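One structure, pasted below without further comment.
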Amino acid sequence: KPKKGACMKSGKTCNKKLSEKSRYNVPPSAEFVARVSGIATMGKLPYQETANGLDAAFIGVPIDTGTSNRPGARFGPRQIRAESAMLRAYNSGTRAAPYESLMVADIGDVNVNVYDLKDTCKRIREAFRSVLATGCIPLTMGGDHTIAYPILQAVADKHGPVGLVHVDAHADTSDVVLGEKIGHGTPFRRCVEEGLLDCKRVVQIGLRGTGYSPDAYEWSRAQGFRVVQVEECWFKSLAPLMAEVRTQMGSGPVYLSFDIDALDPAFAPGTGTPEIAGLTPIQGLEIIRGCRGLNLVGCDLVEVSPPYDTTGNTALTAANLLFEMMCVLPKMKYYD
Amino acid sequence: KPKKGACMKSGKTCNKKLSEKSRYNVPPSAEFVARVSGIATMGKLPYQETANGLDAAFIGVPIDTGTSNRPGARFGPRQIRAESAMLRAYNSGTRAAPYESLMVADIGDVNVNVYDLKDTCKRIREAFRSVLATGCIPLTMGGDHTIAYPILQAVADKHGPVGLVHVDAHADTSDVVLGEKIGHGTPFRRCVEEGLLDCKRVVQIGLRGTGYSPDAYEWSRAQGFRVVQVEECWFKSLAPLMAEVRTQMGSGPVYLSFDIDALDPAFAPGTGTPEIAGLTPIQGLEIIRGCRGLNLVGCDLVEVSPPYDTTGNTALTAANLLFEMMCVLPKMKYYD
Amino acid sequence: KPKKGACMKSGKTCNKKLSEKSRYNVPPSAEFVARVSGIATMGKLPYQETANGLDAAFIGVPIDTGTSNRPGARFGPRQIRAESAMLRAYNSGTRAAPYESLMVADIGDVNVNVYDLKDTCKRIREAFRSVLATGCIPLTMGGDHTIAYPILQAVADKHGPVGLVHVDAHADTSDVVLGEKIGHGTPFRRCVEEGLLDCKRVVQIGLRGTGYSPDAYEWSRAQGFRVVQVEECWFKSLAPLMAEVRTQMGSGPVYLSFDIDALDPAFAPGTGTPEIAGLTPIQGLEIIRGCRGLNLVGCDLVEVSPPYDTTGNTALTAANLLFEMMCVLPKMKYYD
Amino acid sequence: KPKKGACMKSGKTCNKKLSEKSRYNVPPSAEFVARVSGIATMGKLPYQETANGLDAAFIGVPIDTGTSNRPGARFGPRQIRAESAMLRAYNSGTRAAPYESLMVADIGDVNVNVYDLKDTCKRIREAFRSVLATGCIPLTMGGDHTIAYPILQAVADKHGPVGLVHVDAHADTSDVVLGEKIGHGTPFRRCVEEGLLDCKRVVQIGLRGTGYSPDAYEWSRAQGFRVVQVEECWFKSLAPLMAEVRTQMGSGPVYLSFDIDALDPAFAPGTGTPEIAGLTPIQGLEIIRGCRGLNLVGCDLVEVSPPYDTTGNTALTAANLLFEMMCVLPKMKYYD
Amino acid sequence: KPKKGACMKSGKTCNKKLSEKSRYNVPPSAEFVARVSGIATMGKLPYQETANGLDAAFIGVPIDTGTSNRPGARFGPRQIRAESAMLRAYNSGTRAAPYESLMVADIGDVNVNVYDLKDTCKRIREAFRSVLATGCIPLTMGGDHTIAYPILQAVADKHGPVGLVHVDAHADTSDVVLGEKIGHGTPFRRCVEEGLLDCKRVVQIGLRGTGYSPDAYEWSRAQGFRVVQVEECWFKSLAPLMAEVRTQMGSGPVYLSFDIDALDPAFAPGTGTPEIAGLTPIQGLEIIRGCRGLNLVGCDLVEVSPPYDTTGNTALTAANLLFEMMCVLPKMKYYD
Amino acid sequence: KPKKGACMKSGKTCNKKLSEKSRYNVPPSAEFVARVSGIATMGKLPYQETANGLDAAFIGVPIDTGTSNRPGARFGPRQIRAESAMLRAYNSGTRAAPYESLMVADIGDVNVNVYDLKDTCKRIREAFRSVLATGCIPLTMGGDHTIAYPILQAVADKHGPVGLVHVDAHADTSDVVLGEKIGHGTPFRRCVEEGLLDCKRVVQIGLRGTGYSPDAYEWSRAQGFRVVQVEECWFKSLAPLMAEVRTQMGSGPVYLSFDIDALDPAFAPGTGTPEIAGLTPIQGLEIIRGCRGLNLVGCDLVEVSPPYDTTGNTALTAANLLFEMMCVLPKMKYYD
């Protein structure tokens, strides 16, 4: 029996069953190491400083200086790591076996500049270029949605314009807010302007809330995005929608950006700009599981704001959604 | 760029796009004034002391002395105003343009007597008579549900017996509770006794919870009300129900009274007498949007109890529902 | 009018309408005694020290030392009692009349040993043997799910192997966790090993979450259990499922064990090992109401953890579910 | 070892050491019954419906309809009972042995009328007359401070005008507020008007906060009260003050009324009208312990508002202060 | 009796006693208007858009983008206004009568740029120049401490280098943090560099916490500041210190900057960078009251972070401290 | 400028100023790495799996199964690590320079058995024997106070009977509770029985609360312990007491055990068995700083319960107290 420590470097002695058949990092199992025990890394995976040698990496971007309303998303990565202690090694719903498929680790956080959002964007872009240079797929824990812009700069640098599955309450395509081009309401406008997106392969799911103009999603449609307002999602499974999305995305590189506020505030209260009547976590799972087979080159889960997450369950939801994202990455092995 | 102040008196300099085409009050847009900035009025609308010159008015009735269980609804108006900073000028779902259609303002709160519920009822009745005398439609922020009684006294004074769309977990038709005729469990009994309602044009939606007698809604049915227990609403869209309700209501004057506890406590935890297995906000929107075309003469949203609303999201939900009510008032312009 | 006291011994003077026609314990009605008034017992029922003379009894088992993650379930019984002040005498959905059908009381808590889980299990087993010896049906307020094991030991002692309707996010059929046979992840494994369950008459509903092995429910299926993963429940009424369950259960004795984490964390945040994308309270009601007609010999509602129940609504949900369980016990009278 | 139940009727089997030498009610000791186990009564004392046979009784008055700001005090008695599970049998500071000295029980709550404050006052007065008629000393758990007025009506009925040790942030001597004579800002004005107080034997300790007039305590002084503003208490022990108070009170009957808001909000956040820079719990203990030797005929602890007591520690403080009050009642035995 | 509205424009009908003898703005008294009633302005004072005609003005600066740790201070002004409903017209401790002495109003918030801290500083500086140009003394509700820099730019523009009473846990004199010159750890360094302070007339009170270098306050002392580490304040009244401070300040213009984190986190939990073992509110009052007689030209109260203020009492403390600041402004009338 | 990562392995690139003059581990400074950024280790120190090469180590023991009342202390280490992000490199009060004096790291948590307290004690004892075998001094983050027993077994194994500075609300010297010898109320009784303590060199500071017998501290005194009840501490500096304690302790090995409930619940609400009228953090600092010069061989800080620490400030206090303990270890360098 292991006596001490979180087995941060490897789960070998702490998850024998799995470690014996896997050549990858294996987090310690709660069957052998108490959930409460150990330094909090994402999914209890080992921490390493760089992405070298990894197929995929969890990475945090702890900012909220791009938020227009309630702050707190800077603590998203920390809280997601803490609540991720609930995660086990296999996906019971899809029978994916991520730790038999990929070398994954937690590579810590981008060292953001909390006093200057523009400089932070530069730091993010550079950090993600380094990660992507190793061939590793980033699974990002936000932070507010501003971060999607510099991440996509780095992603497009490597992969060219990408398809985008964007799950959100908001289109995030404003041009200028409070006189600024950079903020959590504008990233996808900037991405389009810089040619980072393959606009015919963009879908925005879950959009809703009051708007600044009669048709809040006009600009999105004008770019060729598919816009799925939340009203189209009410009362139904999104599996059929995702079949269409897979067709839309084809075999090209795809980025998945999931704003936790896409979910109804009942399920994800811990966020900065909640909008009522949103998606359910069931639909969130359907969307992510529906990305199976796509050529995913990066994913993020953004806008978890712990000060408004009074029970930790928003962060827990985020941890599960990030785990599900990992479970649809290319080369995943399924027991189905 | 506006430098200072909440633009409480007018959004003219703070929402140029809209102000240029509207002759009505326009709240400052978050594109130009930070959400966090400014005195908290409903929807960031200007405050004025009376209803003079208004087509509709948001008005608060901050009481909870009529509540049977958890108090706190006295802070409902204050918290709804605070969270309403998230509201923008247009309804993305229906494309209603309220600030191109109506002159609206926040006219503050009734000065209630927190020590005497009966005197408070008198004060409410008189205050609403004044409001209604100007021709303004009141959009009321409660306060506990007791307030529907004196409000309907004032409404019926002006309009005669009205139809009622009553959305609630409870019928609120008790006769006497703890020896009292006045309280949040009795308002609609009193209204019927005083002839304020057109009983054939009353519908109660969402009723549930344990009851004082085997059939808790017997009295309602005996008056001719349509009773829609929550079980009839489970798993389905309420759009078809609302088509029937519109037929039931016809062209006569209708009052809409929405108790936030109609919603399931997951979506609206901040309330005093929650009952499980309730409506969803999606269904709440369907009900309100389904009132489009009715001759609405007043609306209320009651029973938001901030001390039990740990994230502010119940108040945010209430703010959105009140905005949606405004968007179905007569003379509304839609971009659809 | 009653002037003082919670009418703990009897509701006779506090609920005249019902007391006149019932020969059973009747809790004071909120029409006559303020909800806030009185010692907190379950449903405001009288407290008595033993189960003598009772048809059914609410009993608490205040432990959380079997929990693997967040503790707090030790305060479950206390909080459920506090929130149960909202309960009234009749079931509005099913028109069950429990207080015209059965003699029920609150018999307090098992005196657990908070320092030793194995000794606690012995204490629980003995306490339930005493309760069952009187012919009383226990309606148990947990406490973590470990308690199902000693309770089922006592139940099977009296009734032989029983059918089991197990509603949960987790199968709770692990063999050994952290080197231990006893804990909240293992009770049903122990029950099977000891022959306490009639394995063909076991159903597990709502299972989900990440797992320790590719098929987390393999062992359950191998025993002959029916396993209903949550994916089978999404977007639909569970009434059809329950028709099948009633057939499966037949006329033999059945035990109902309901882990509050079967519900989605939005509806029941106050629990120790939440898993996203769970059942709704509507489905929870359908499951319990679907047990009508079964030969129920005991029920529990476990894993309510008040420190994570920031609004009290998880405990309120639990109180309602326990009331619904009482309403499907054998000999129940319905006004339908 | 006791196996089941809270030993509500007697601690005899649950606190052998003490029960053997005491002829009074003895609550179960946490050495033998887990703190978490059992129906929540004050101090885990037995519950009985009337005051018959008691030397002292804990009694709740669950109202907040007399409050001017934040409500919630209606849940004070329930929460104080819950947190009182921490209390043990002896006072370590003073070595008082209450359960070797007096027959004490919890006699539940006054059945208040939550819809009418004036009727509630009548109910309180009558209930306390019954309690006092038995010769029992009431130790009251509020509820807002309005209750002091009807309680003192009953007390003066029996004892004539009494001395008063009034610990509070506010003088509570307003004449009319919002047009009303009855509320939590006026009880002691009413008491003086009705001759219930021996004005030369009244002291008010801890007064502070902003005021309605330049000298907020002028009226108090004009009646002959001793007024101790909080500034006189800062940085020092109140033991010397209490020596003077004992001289002031002499041997006549004295009532002790302790508003939890006398304490600084850091120590007692769970209250409705907090004022900064208040007394410490150390000073609170000094005041109560300083009442040793007085002819106390009744005590109350009011204004605990659980919705604002996020940790339960305000209620815990109240439970301790009530225990300390019991420990200075006449006939107390001390091991010193 | 006033029936409706918060009497935002004037308290004349709502506080007759005071209005009759005052020629200034008088907020409605809670004797006549319920505390819960009305739009939330600071102290229930009237709102006006500019500082014209005012002797002093409450003004909000809702930012937290300069904070290094927990955000949330952007909601400080909103929450302080909400909790300020507890304030009455007179200072009971000092008998100051602010509404008989000065024309005061709430002039709303600076319209900050939440996405760019440097631009926000410009906006603040300009807004305060406008305010100061009218001759009005600003009483500022922060916002994080960054704001002291642009405010002091505007103040020194008008008054020349000023004395500074700086109450804080931190010296806020760092040079560069995360590569930035502007942030909440650097304002007073910038002020010295720009010659805004009369360094011999600067005192910093309450400094503590771990530091970046062996002597964290070396730079302060090198400028000639008086540094009062918190250890010098423990266990004692600060009245003697303030006598010395008054001598130090002399008759020149003085600015008072009070960071709520100067107080111990028990008293002010709602702040972003708490440090243990701090000042008490009693000492806070002594400091502010000790400024009586100084030539105060501006005051601020910063760093209230509502998301961490679970009871609202930090904001309440801030509201009281701001009221006390108003009560020591030049020309104040005292009834002593 | 460092761009990515928490600099977990070393602060060399992230705290140049200090790293240049130190040959020890240096955590990244918040001047160069944002506080929010990085995996949460204690004080942002590097994590290593064993104590090899360390002078001192922070180590967590995440249990609460020994607690008698509110659980949650199992999350103490995780939350203390999270809040410790506020710590900087130097002690401003004492000018201690720990990172110029000692090699320190965070070595993670003991892998506890959450289902069996007795087995957990064995695991703790063995883990600490390993740590102590390297010559490293453990600075332990609890966990409930039960852990002091197995830690002292390991400590006495190495050092023989030790002196003890025990800071606590409770003596923790019960013999048997609920029939058990092991729990958080008994550790020091067990230590005495096993000869682990040098009883003449034991002091217990801060004792208070109600007791199971007239003199709750009789047994302590009988062993020769010095007992300092809280009443002796009220209103005064504890510096003189600590001078006496240093004399009492002499030059022999001393263990410091600090239960956070020694502090008043206002300052440390997040704990399981709070007692009112406790020590202040100022006194806590005086006690720890007063240990300077003692031959400290180990320290712990126990009983932080995050579910009851609604603001995180109890954990922050604990982090600071642990930092202060490190600053009084033998060989510490001071800039004084």
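Read from first to last, the chains carry the letters A, B, C, D, E and F; within each, the first residue is number 1.
Here, a residue touches a chain if its C-beta (ideal position, glycine included) is under 8 Å from a C-beta of that chain, and two chains touch if they have at least 3 such contacts.
Since this is a predicted model, take the numbers as computed values, not measurements.
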Inset, instruction - Check B-D against E-F and say which one is joined by more contacting C-beta pairs. - result: E-F
Legend entry - Identity of the chain that, by mean CA position, is farthest from chain C: E
Inset, instruction - Indicate the whole-number Å distance between the mean C-alpha point of chain D and the mean C-alpha point of chain F. - result: 37
Inset, instruction - Starting from the mean Cα coordinates of chain A and chain D, work out the distance between those two points in Å. - result: 54
Inset, instruction - Quick one: which residues in chain F touch 2 or more of the other chains? - result: 1, 33-34, 36, 68, 74-75, 113-114, 177-179, 235, 264, 266, 308, 310
Legend entry - Pairs of chains found to touch, sorted by chain label: A-B, A-C, A-E, A-F, B-C, B-D, B-E, C-D, C-F, D-E, D-F, E-F
Inset, instruction - Using the touch rule from the top, collect the residues of chain E that touch chain F in their complex. - result: 68-69, 174, 176-179, 207-217, 229, 231, 234-235, 264-266, 269-270, 273-277, 308, 310
Inset, instruction - Note which residues of chain C are touching chain F in the complex, please. - result: 64-68, 70-72, 74-75, 113-119, 177-180, 182-183, 307-308
Legend entry - Residues on chain D engaged by chain C in the complex (per definition of touch): 1-6, 8-9, 33-34, 36-41, 47, 49-50, 60, 62, 74-75, 78, 81-82, 106-114, 123, 126-127, 130
Legend entry - Contacting residues of chain E [partner chain D, same complex]: 1, 17, 29-36, 85-93, 95, 97, 235-237, 264, 266-267, 280-282, 284-285, 310-313, 316-317, 320, 323, 335
